[in-house]
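Have a look at the structure below before the remarks.
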Amino acid sequence: MSKQTSAVEPHGWTKFFLHTNGWLVYFFFYAPILLLVVFSFSDSRNVGTWGGWTLEWYAEFAESRNARSALSTSLQIALVSTVVSVVLGTMSALALERFEFRGKQVFDALLYLPIIIPDVTMAVMLLLFFSQFFELLGTVFGIELAKGVGSITLSHIAFSISFVSVVVRARLAGMDSKMEEAALDLYATRWQAFRYVTMPQILPGIAGGGLLAMTLSLDDVVITQFVTGPGGTTLPVYVFGLIRKGVTPLINAISVVMLVASMLLVVLSLLLERSRSGSGTA
Amino acid sequence: MNTKHWLRLLAGLFTLTLLAAACGSDDDESSGGADCEVGEIDGDLAMYNWAEYIDEEQLQEFADEYGISYSLDSYDSNEAMQPIVSEGGSGFDVIVPSDYMVSVMISAGSLMLLNYDAIPNSSNLSDDFSNLYFDPEGGYSLPYQWGTTGIAVNTAVVGTDFPRSWGIIFDPAISGQFDGQIQLLNDPRETMGAALKYLGYSMNTTSEDELAEATELVAATAGRLAAFNTDSADEFLTSGETVIAHGYSGDMFVQFLETDNPGDYVYFVPEEGGTRWIDNFAIAHDAPHPCTAHTFINWMYGADQGAALTNWNYYNTPNAAAVAGLDEDLLDFVNDPAVLAGGVDSLEALEDTGDFEVNYSDAFVEAKG
Amino acid sequence: MTAVEAPEADEEVLEVTPEFEAAAERQERRRGFLLALPEFGYLTLFFAVPLVIVVVYSFATRNRFGGTDLSGWNVDSYVKLAEPLVREIFFRSVWLAALTTVICLVIGYPFAYYLATRSLRVRNVMLVFVMIPFWTNFLVRNYAWRVILGNDGPLTKTTEFVGLGEHEYLFTQTAVVLGLVYGFLPFMILPLYAAIERIDRRLLEASRDLYANGFQSFRHVLLPLSMPGVIAGSILCFIPSLGAYVTPEILGGAKTTLLGSYIVTQFLTARNWPFGAAMSFVLMAIMLAATVVYFRKGGRTL
Amino acid sequence: MSAAVELTAITKRFGDVVAVDAIDLVIEDGEFFALLGPSGCGKTTTLRMIAGLDFPTEGSLKIFGDEVGTLPPNKRPVNTVFQNYALFPHMNVLDNVAFGLKMSSVGKAEARAAAREMITTVQLAGLEARRPTQMSGGQQQRVALARALVNRPKVLLLDEPLGALDLKLRQEMQGELKRLQEELGISFVFVTHDQEEALTMSDRIAVMNEGRLLQVATPEEIYEKPVNRFVANFIGQTNLLEGTVENHDTVCLANGARVAAPSEHATGTAVAVSLRPERAHIRDRGDIPPGETSVDGIVERITYLGNARVYDIRLDWMTMEVREENRPGMQVCEPGTDVSISWDPSAISVVTD
């Protein structure tokens, strides 16, 4: 985009409206977050009643074996499911956007189903499937598998993979396929062309898809609850249980910790990105 | 590999799966109890319990004592837990289903017959809990904790001069001035049950006429409510969102004690009667470590451990030997005779009504509008 | 010097034949297929097969204990879908979801445009700041709104202070819509932003040159060009709104039953799995049909 | 010495569509060669087959005597300047140019040094750290050239290299390309649909239409002696006078007039006589120089071009264009004037379909 201002640059009331709307949207997004952060320091068991400053909820979080193990289970599942869905999702996005093959239409349709299916339905589907699939593995192949972290991870991949594909594919569609040909013409192998030309350009899409997958995994309660087994209590499921027993600022403290952690992650990746592009290497 | 081969393999797997589905659910695998010695351990403990219903330290103590490790996972409704266990392969040992769910799970073959020889402490069970409707011989379950469902009132707003009746919720003549500050549980059986009780019927009725009458009553009340809510009934009351609340005894007691002036709140089961519910220890039909499970239940049934459980979660204990070990302030709340306005006999347990469950669910949705 | 030498003499040089070309093309197709295969296989095993199982269940019967008997196949569950109660819930849910979508669009469009017209660096930072709130658990966010909207909450206090009198916000349909808008606004903003960012701004200048005023160039140039984003955003907003059940429960006080809650009720309260399965299957089919229509109309990205 | 590129009976089919139909083509080393034709004529497909981006269906494709038809693009000693350049937007100029060398495992330092040198050759020194998006069209063009040339390809392929540039820049780049080609001494094969560009730049031109090669010759030959109606029409402006061959020296035009037109075609063949507008002259009616052929018509319209005027002359059965250079004191006819058009018999060519 050119830097010079043009006649279409919003001005007057339009500009004022756009600015105001922008700030209001941010205010809307952050109001509950702000409240959440503030009340995580409240010395009262009830969220919403201010009871003076305290750090006791963070201490409780640090001490609670339950909360910590739920957090680590969640992170573990989120990490694995994100990595797997990013890899598989990017591959299939490439296949759909750059290749022709038999069964493409069927695949294309199948890809959108997990996005539009209601949570509960998918949860019930997977519950029925896993109990029978594991039984089948047991009786036919003699492999004994128990539900838990494994089945939850498999399920999370099943619903985030489509989102990754769709996001990456949109990015690929916006990228001239001549770039890849140019790379091949310049002696790159297929892999090198992907590695040095395609991937850097669709990286925002891959990152976006990955973040989406991560968010979905870290947020999911319904599906997790249905396919869980021993050791499979994730943070949202734990929080859901806590809420049933009363919403205490402990939940806020947990959320704040996760919020800060994810923000640090993003800031770090932005810094990395900047330093990399600054040095001017490919 | 050839595409066709893949498809054939998938089709084969799929057919097998369906077959397994068709056969698997009819199997009754719960017949034989486990052959365990007292204190026998056959692996780590995997417990599946309601959230925040047991102190982790207590579990750790058990684990340390027997030199094993444990896992604790939680659910928030019987209905969420049941399919997990019933479908098999859950990997859980000890579970804590509520009364009606015990009978459902027995019928579904999801529970293991208990071997009482391995649970000598079961003699501590209070006599009030013999011959329970949902498990007449107690073959599959041992009560864990129990409580009631009733009404909590903020007396600072409502005053103390009110009838101890469901009418305080359902009769506008009594509570009309508090419209928009009343809450009912978001649970078809509890809420329809409360209305049925007020009308003088059984909360386990299978009469469509009686249910229709109750539906009308709830529908008429819906407009006067702040919310239908289960999770936060206690908090709404103490935060001032509501002044008359429908909720569970233990939740309410815990919440009262959290406030600066617990004396402002009162919990009671109306004179028409209310729900008594019992949560129970049970062992999953395919528990991987049945002996550890038995040993754990036996250990929990000791006097000290039973008291520790109640002192942590504020619900009533079915363990007669544990009563002596309960905290003083707890006894004031829990054992106050005024809590049960209609006496113990007015309490009723929610039973599984079989096919009629669907009617309850639909009636509730209809009543909410 | 050449960077790549011509093929060595001993290197096998294939002759150009239709067979070679066909083989190369086959290899290319196979490459595509192999790339898609892992996800294809995964979705088949962990999605399509379970889906078929659930469809099978929708024709089964609920037994007395709330289990499902895989025998006595019937279509009762589908017949039950025609009951007035279900119809009423369906239309109410569609109305609320549509309302949510429209509000998201009205708020999200100018915001996305605003984003797309910032400088590249600012834009990225702003986008990240849109996403950050959504990295907290959605339950927790909903509960935070409950505090804000509550009787003694900041919002009530503000309106009282400003002199607008006392207002009830919590446990109203307004609260439900607000919660839904909050939850799904980013799903509207992101595709809109992507669509608007792609538009050549010179086209707007051209329309101005052709005597369009600001609104006309929006109406006739910007809006049509960003239509794919509008539709994608609307689908991404509408679908989860229609299936939502946590927000109506927490912020709406569960006073009105929406489709999402009704389906959950079938599985988790009435334990009527066949009916729950039938209903979710039909819901999914409707959404699929809507999406297919969108793609037929030339949409590309979701 | 073998040819730089040699296509023998190369055919490319996409399903049922024949994109390139059994063409034979030899491009000599050091030649500036143009593939010219309307869009969809198969010229780009031909170029892509040489680059290795598409595989031919049949035929033989040799580069310096080696059969390469089945090799992937990264194994061929040719490089391409793509239409719209296809520069890598995430890399700066230096990395774009060094890309090919890095991929062919030349050391990083060496690759960069070579890239710098090539950037200087295309007169972009000092802009190494820029991103392609921060550059003008002409600069991007140079980057694309440098990126291809730094690899010292045996043949450089250019796909509509100047299409995206404005007129002035295009003319500048035409000279630049020519200069580079002469300096490097390798063959440039470029695809264009712009006949003027092809004429000015190339040593030889191949005119293509509907997948077939119609004529391969020098610009002069193509212009002066088009082999058929399509070539005559596509290259420059021309008047096509329909007729039939009467004998080796004469064609009988549609209106019955006989004109001197030597041809090899058999008697009775339907042909057209191609007459370039600048080769015909406007005469006063009947005032025909000896030895010239003429037809009569009426001036319909005159277009002033600065250095010349173009007359549209209506004949009984068609309209012809005649171009007269502007000379001082020259007499200009008004529209409606009765005139004759005359030309030297050597100025025409007889073409068939």
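The chains carry the letters A, B, C and D, assigned in the order they are written, with residues numbered from 1 in each.
In the analysis below, a contact is a pair of C-beta atoms (placed from the backbone, for glycine too) under 8 Å apart; a residue touches a chain by one contact, two chains touch by 3 or more.
Predicted, not measured: the structure shown is a model, and the values here were computed from it.
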Any chain in contact with chain A as well as chain B: C
Top chain pair, ranked by number of contacting C-beta pairs: A-C
Greatest separation from chain C - chain, by CA centre: D
Centre-to-centre distance between chain C and chain A (centres being mean Cα positions), rounded to whole Å: 14
Rounded Å distance, chain C centre to chain D centre (Cα mean): 52
Chain centre separation (chain B, chain C; CA means) in Å: 36
Averaged-CA centre spacing for the pair chain D and chain B, given as whole angstrom: 86
Residue numbers of chain B (touch at least two other chains): 3, 13, 17, 21, 80, 239
Per-residue multi-chain contacts in chain A, two or more chains: 48, 102-103, 124, 128-129, 132, 187, 240, 243, 247
Sequence positions of chain C contacting 2 or more other chains: 3-4, 33, 44, 49, 53, 150, 152, 267
Inter-chain touch pairs (all): A-B, A-C, A-D, B-C, C-D
Chain C contact footprint on chain D (complex, rising order): 10, 55-61, 63-64, 66-71, 74-77, 100-101, 104, 106, 151-154
Residues of chain C that touch chain D when the two form their complex: 1-7, 13-18, 20-21, 24-25
In the complex with chain B, residue positions of chain A that touch it: 45-46, 48-49, 64-66, 102-103, 124, 127-136, 138-140, 145-148, 225-226, 228-233, 237-238, 240-247
Residue numbers on chain A that touch chain C, as the complex places them: 1, 3, 6-10, 14, 17-19, 21-22, 25-26, 28-33, 35-36, 39, 47-48, 88-89, 91-92, 94-96, 98-104, 107, 109-126, 128-129, 132, 154-155, 157-158, 161-162, 165-166, 169-170, 173-174, 187, 208, 211, 215, 218-219, 221-222, 235-236, 239-240, 243, 247, 251-252, 255, 258-259, 262-263, 266, 270
Residue ranges of chain C in contact with chain B within the complex: 33, 41, 44-45, 49, 52-53, 56, 62, 64-71, 85, 89, 150-152, 168, 170-171, 249, 252-257, 262, 265-272, 275
